[in-house]
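Shared chain: chain A. Partners: chain B in the first complex, chain C in the second.
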Partner chain A sequence: MLTFTLRRLSLFIFTMLVLTLLSFSLSFLFPGDTVINHSGQINATAEELTLVSNSYHMDKDIFSQYGAYLSHIINGDLGLSMASQSPISNEIMELLPATIELSLVALLIAMLVGIPLGFIAAINHNKTSDNVILSLAMLGYSIPVFWLGLLAILVFSITLGWLPSAGQISLLFEIEFVTGIQFIDILLSDSPYKWQAFSNASAHIILPACVIALAPATIFIRLSRAAMIEVLAASYIRAARAKGLNFSQIIFRHAIRNALIKIIRHVGLQFANLVTIAMVTEVIFSWPGIGRWLIESVYQRDYTAIQSGLLVLSCFIFIIHILTDFIYAALNPLARGNNHGS
Partner chain B sequence: MAREKIYLEEIFPSPFMQLWGIFRKTPVAMVGFVSFIFLILLAIFAPLLAPYSPVDGNLDMILLPPAWHPDGNVSYLLGTDELGRDMLSRLMYGTSLTFGLSFIVVIFSLVIGVLIGSLSALTSGIKSSFLNHFLDVVLSIPSLLLAIIIVAILGPGISNTVWAIAVVFIPQFIHITRYAVKEEFRKDYVLASRLDGASNFRILYYSVFPNIVERLMSQATLAQSAAILDIATLGFLGIGAQIPLPEWGSILANGLERFYIAPWTVYLPGLAILFAVVATNLVGEGIRHALKLRKES
Partner chain C sequence: MNYKSALSLVIVVLAAMLTGCNDGNTLSLSERSIIYCSEGSPDSFNPQLSTSGTTSDASSKLLYNSLLVYKGKNNSLAPSLAKDWHVTRDGKKITFYLRQNVNFHQTSYFTPTRTLNADDILFTFNRVLDNEHEYHQVSGGHYPFFHSVKFSDLVENIEKINEYTVRFILKRNDSSFLANLATDYAVILSAEYGQQLTKSGNQHEIDILPIGTGPFLLKDYRVGSLIRFYRHNAYWQEKAKIEQLVYDISPRETSRLTKLLAKECDVSSYPIAHGKISERADLRLESVTSLNIGYFGFNTKKPPFDNKLVRQAVSLAINKQALIDTVYESQAVSAKSILPETSWAYNDETPELIYNPIQAKSLLEVAGYAQGFTMDIWAMPVQRAYNPNAVTMAKLIQADLKKIGIKVKIVTYEWSTFLRRLSLGEHQSFLLGWSADHPDPDNFFSQILSCSKGSQSNNRTFWCNKEYDELLQKALETTKISERKEYYAKAMAIISDEMPILPIAHSKRFQARGSNVKGDIMEDFGGISFHHVSKVSINPPKLTNQTESLDTEVN
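Moving on to the complex of A and B:
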């Protein structure tokens, strides 16, 4: 486990270097002055600009420029947003938790719906229910997410009026910002309307989370179906059957556990996909998250925000990736060994 | 009667033809394949087939519902939008933008990815390890996010979107080619031709490529369905195709303001995207299914 940890750690450091290099080079690629793109200070006077470009080592060679950029990032200074002139790190700290909350709820829904359906399909392999589930999965995988979001708003918010169509919580509730994750903040607050706020926030998250969850859920269906078919063909299942275990005992005691391990491995990869979908969904449902903020920065040509947004979002995705790798390795001793660079 | 074949000759179809033989017998995959061909033909011949211009409106015929609606007009089969532009013509021209461009993008990325991938499969050591880690990093960033960043550098517009998506899709082809070529190079038939004195490039061209082409095609269909969705999503967000262009995503975004009075301007482009993606995915599923069956037989 120690070598595994060290290897993942080196991969993590390498990745962070590549990602920062990417966002560093973006400042040169974007239109406009490099220092202004780094710092986002568009209204600065000439003296202030000289100070800023000194702090970014702009008069020295490219390597010390990169070093200066790295030290700025490590100190938590991502520059100012060109649009609002407030520090980007503060904006991200306010927005990222909302995205984390939304994407984790969506991931949970996707797994809770997708994995059992995949198991059912695998148990009825090559029968009607298998084919029905697979066809539905394919349809769900093909629906453009923005269209699905609009249809969901039309049906559930406007025609039926069951669920709210935009935002994170009704503006009537005043929730103090502590962690940024709405549900935790509500539970921490001492408002007398805590539970009303909680149910209101849950009603707000259902629709966007379900829209995001659809495509990953269909992928979980396919993954869990493939994993379950593989497990059911294994010889230890045949041994269990020979010992006289009945069908449900085999499925619940042996097959599901072994199939789940295989699925956990893919959760990290699916998460990147899920975050992309979440970005678009945030725009449609006006969710105050980092995806909507990033797309708005593209409209506003806020280059400092774009490069920091890229850095933060891909870091977040990569951290989840590594976490799932660790969980997989902790659950499955076979995975700790020989996977060089994979 | 003359018999042309005197001897009973055993024919070994090439791997690709074997695959086609299995693929042809799967009805669902064939439906997808026919739809795919239909979309390609539509993308090429849309200017000849479309009844009206996609950008010029007829101001007498504003917001006409589709023909099956009581208020519809049969000369505008799928209705018109808020400027009196015929939806059917717009969707037909949109095929060549959304579907046709995604097809070209995927072919472009495929060629470049296969070139780099097969070259990198032949190298080893620190260079190869670096490339592998680098690809892992790039693949861990969502394709849409990367495309948005590239569009932000280049500026909005359909041509920039296409370049961005082409660049974003290259790494996955490098990755899959690299793995496939490395896997094939370990097999005995490659060793046999190596013993015959074939050079690496000769082995690659004559022995390895015919055996990995289906895997590349299967990846290409996956990439294309993602490309269609990405082009449409960027168009929907307003950073892809710009206003008068009849790109499916931007038609949909355009119809958004009149969603309640003219729902067909939102339903129809969405259905078009769905149809294109489903057709592509069906072809991909068919290929993967046939690959699996061929492996088992």
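Moving on to the complex of A and C:
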């Protein structure tokens, strides 16, 4: 397990180095002054700019510039947003939790819907229900998310009026910012309207989370179906059946647990996919998350925000990958022998 | 407990959270609050500093009061913070008697120790007038409205007679002076708050964390996201009916429409899809004819428009009704002159230009342009109430002018570049407009066409007529309405004859709201007011023993 951990750690460090190198070079590739792109100080006076320039070692060679850039990042200084002139690290700390919340809820929905459906399809392999589920999965996978999001708003918000179309919670509720995860903040707050706020926030998250969940859910259907078919064909299932175990005993005691292990690896991979979908969805549903912020930064040519935002987001996704690798390793001892990163 | 019972427990709890908790609390919270979908973020909360409608919508009538207000159908002046006023016979000394026991806002950042008195009036206006005033340069030192009415040239001095009496001493008689004091821009600030900020060294906060006497106080502002107001419970007039007012800042028109249709906002500014909104029984579309003018102007310093005949010919060749039907979707009144017909100074005898391409063609021949010519039209790039789509309008004009042999090139730039280049006079003709700040007719005549304004002028036609300017000056010097009316009628006749601009339309300002929202919001001039707005519940509120209310949370 120690070798496994060290392997993952070194992989993490080297990937991060490559990512910072990329974001460092972005400052040179974007139009405008490199120091201003690094720091986002667009309104600085000449003296202030000299100070900033010194702190980034702009007068020295490129390697020491990169070193200075790295030390800024390690100290949590990602520069100022060119658009709002507030520190990017603050903005990200406020916005990232909203994205995490939305993605986690979406992931949960995708797993709760996708995996059981996949199992049902596998158990009824080559029967009508299998074909129906597979075709639905194919259909769901092919629907573009921006179209689905708009359609969901049109049907559920405008025509039926069931669910709200924009934002995280009705603006009437004042929830103090503690963790940034809305549900936790609501529970921590002492508002007299706590439970109302909670149900309001739940109503707000349903539409965007379901829209995000659709594509990953279809992937989970196919993954879990394949995993289950493989498990059901294994000899230990045949042995269990020969011992006289009934159908539900075989499925619930043996097949599901073994099939789930095969799926858990892919959860991490799907999370990256899911965050990408979430970025588009956040724009459609005016969700105050990092995806919407990043897309707005692109519109506003806020180069500092683009480069730091990309760095933080890719770092975040990478950490999720490593975490799922660990969970997989913890659940499946066979994987621990696999020393090489994947 | 096995997993099945755990799962069913979770489902029950979730269901309870989503549905079961409607105990009347939030019902009443949303009933006591209004969400307004606004079109942009204000620059500050001080309307003195800006002529932007977004800023005055979010501040003037919510956070502040002015000395006087407009009231009634004909917009006569009525008392507000000044309970009475007196003008001397020569019109040069104006005394205001202030209302007593007017409370300023008490917020988390300021607790007033006294009520409104003469010091606050002096503080407010000296900030604008006196270059040496400690707050004059705070937030840039630009007071565009006061600059445009030449306030500092007009006011000689402001005297404090006693605690509740102030006197303005003017250098000359100006009949629009009182009207200017009743605009959205002449709001009264707190002198005590100013002193507190000076002491703590946070002078710039005076315009960002505002203190006023208005019906609402600022609770929270997040740029680009929301503004939260609470009711001012110690308001000197009747308290506002709603306890909380939230501005949901939604710059995209489609998102304002979606939120309105999905009931996420109660009121929406500048809605699109008027037909769709009027169709629905639960929504109401409303409009006020605001005092504005959209016009087509000619650069009278550049050929061929230095020739009066060419200006007249082009004006005759434009089918105004088609422009109103297409660009304004028939939601505007055709303009006969620059002054809207609702103004008291409007002269009914002003002749209206009738669309007549044949006469236009013959006028062109007389002017020596029988073969036609090529010209450019500068179309403004932004949407305004007075011109919702200038580029489309330019294309229609292009088609009209083609019929009399004039080739048109349409020019447009990004808004600030557009205005800068216009002021340099690079254009031949342009589409622009004007929204009045107050009902005094002078606001139209001198802002759009007088030549006295020099480089800071709003006059992009560069037309300059001595007789016209003299008429305007005379009209300001007299207080007799009938005399003023005569002068303005003559001014209108000069414009109709000289044709420096072709007036196109007086448009309406639109707003949409849920039909459960009662009370007037839009006013004829400038800002919006939520003072008299209330919400009628669709479901009658259930009895509740909840005693907390927003009142206790203020501070």
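The rule we apply is simple: the second predicted complex is superposed on the first by the 340 of 342 C-alpha atoms of A that agree within 3 Å, B and C clash if a C-alpha of one lies under 4 Å from a C-alpha of the other, contacts with A are read in each partner's own complex, and residues count from 1 in each chain.
To be clear about the criterion, a residue touches a chain if its C-beta (ideal position, glycine included) is under 8 Å from a C-beta of that chain, and two chains touch if they have at least 3 such contacts.
Just so you know, these numbers come straight off a predicted model, no measurement behind them.
For the composite obtained by superposing both complexes on chain A, the positions of chain B and chain C are free of clash and fit together. When the two structures are aligned on the shared chain, A:26 is found in touch with chain B, with no touch to chain C. Of the two partners chain B and chain C, more chain A residues are in touch with B.
Look at A:15: by the touch rule set out above, it reaches chain B but stays clear of chain C. Contacts of A:195 after superposition on the shared chain: chain C is touched, whereas chain B is not.
Legend: residue contacts after superposition of the two complexes on their common chain; A:84 is shown touching chain C, with no touch to chain B. Contacts of A:141 after superposition: chain B is touched, whereas chain C is not reached. In the superposition on chain A, contact of A:172 is made with chain C only, not with chain B.
Of the two partner chains placed around the shared chain by superposition, neither chain B nor chain C is touched by A:54. In the superposition on chain A, A:288 makes contact with chain C only, not with chain B. Of all C-alpha pairs spanning chain B and chain C in the superposed arrangement, the closest lie 5 Å apart. Counting contacts as defined above, chain A residues 158 meet chain B in one complex and chain C in the other.
Within the complex, the chain A residues that touch chain B are 11, 14-15, 18-19, 26, 29-30, 138-139, 141-147, 150-151, 154, 158, 272-273, 275-276, 279-280, 283, 294-295, 298-299, 301, 303, 306, 310, 313-314, 317-318, 321, 341.
Chain C contributes residues 14, 17-19, 21-22, 25-26, 29-30, 33, 35, 220, 223, 225-226, 228, 244, 246, 248, 250, 255, 258-259, 261-264, 546, 548 to its touches with chain A in the complex. Within the complex formed with chain A, the residues of chain B that make contact are 129, 132-134, 136-137, 140-145, 148-149, 151-153, 225, 229, 232-233, 236-239, 249, 252, 256, 259-260, 263, 266, 270, 273-274, 277-278, 281-282, 285. Residues 84, 153, 157-158, 161, 164-167, 170-174, 192-193, 195-196, 198-200, 202-203, 286, 288 of chain A touch chain C in their complex.
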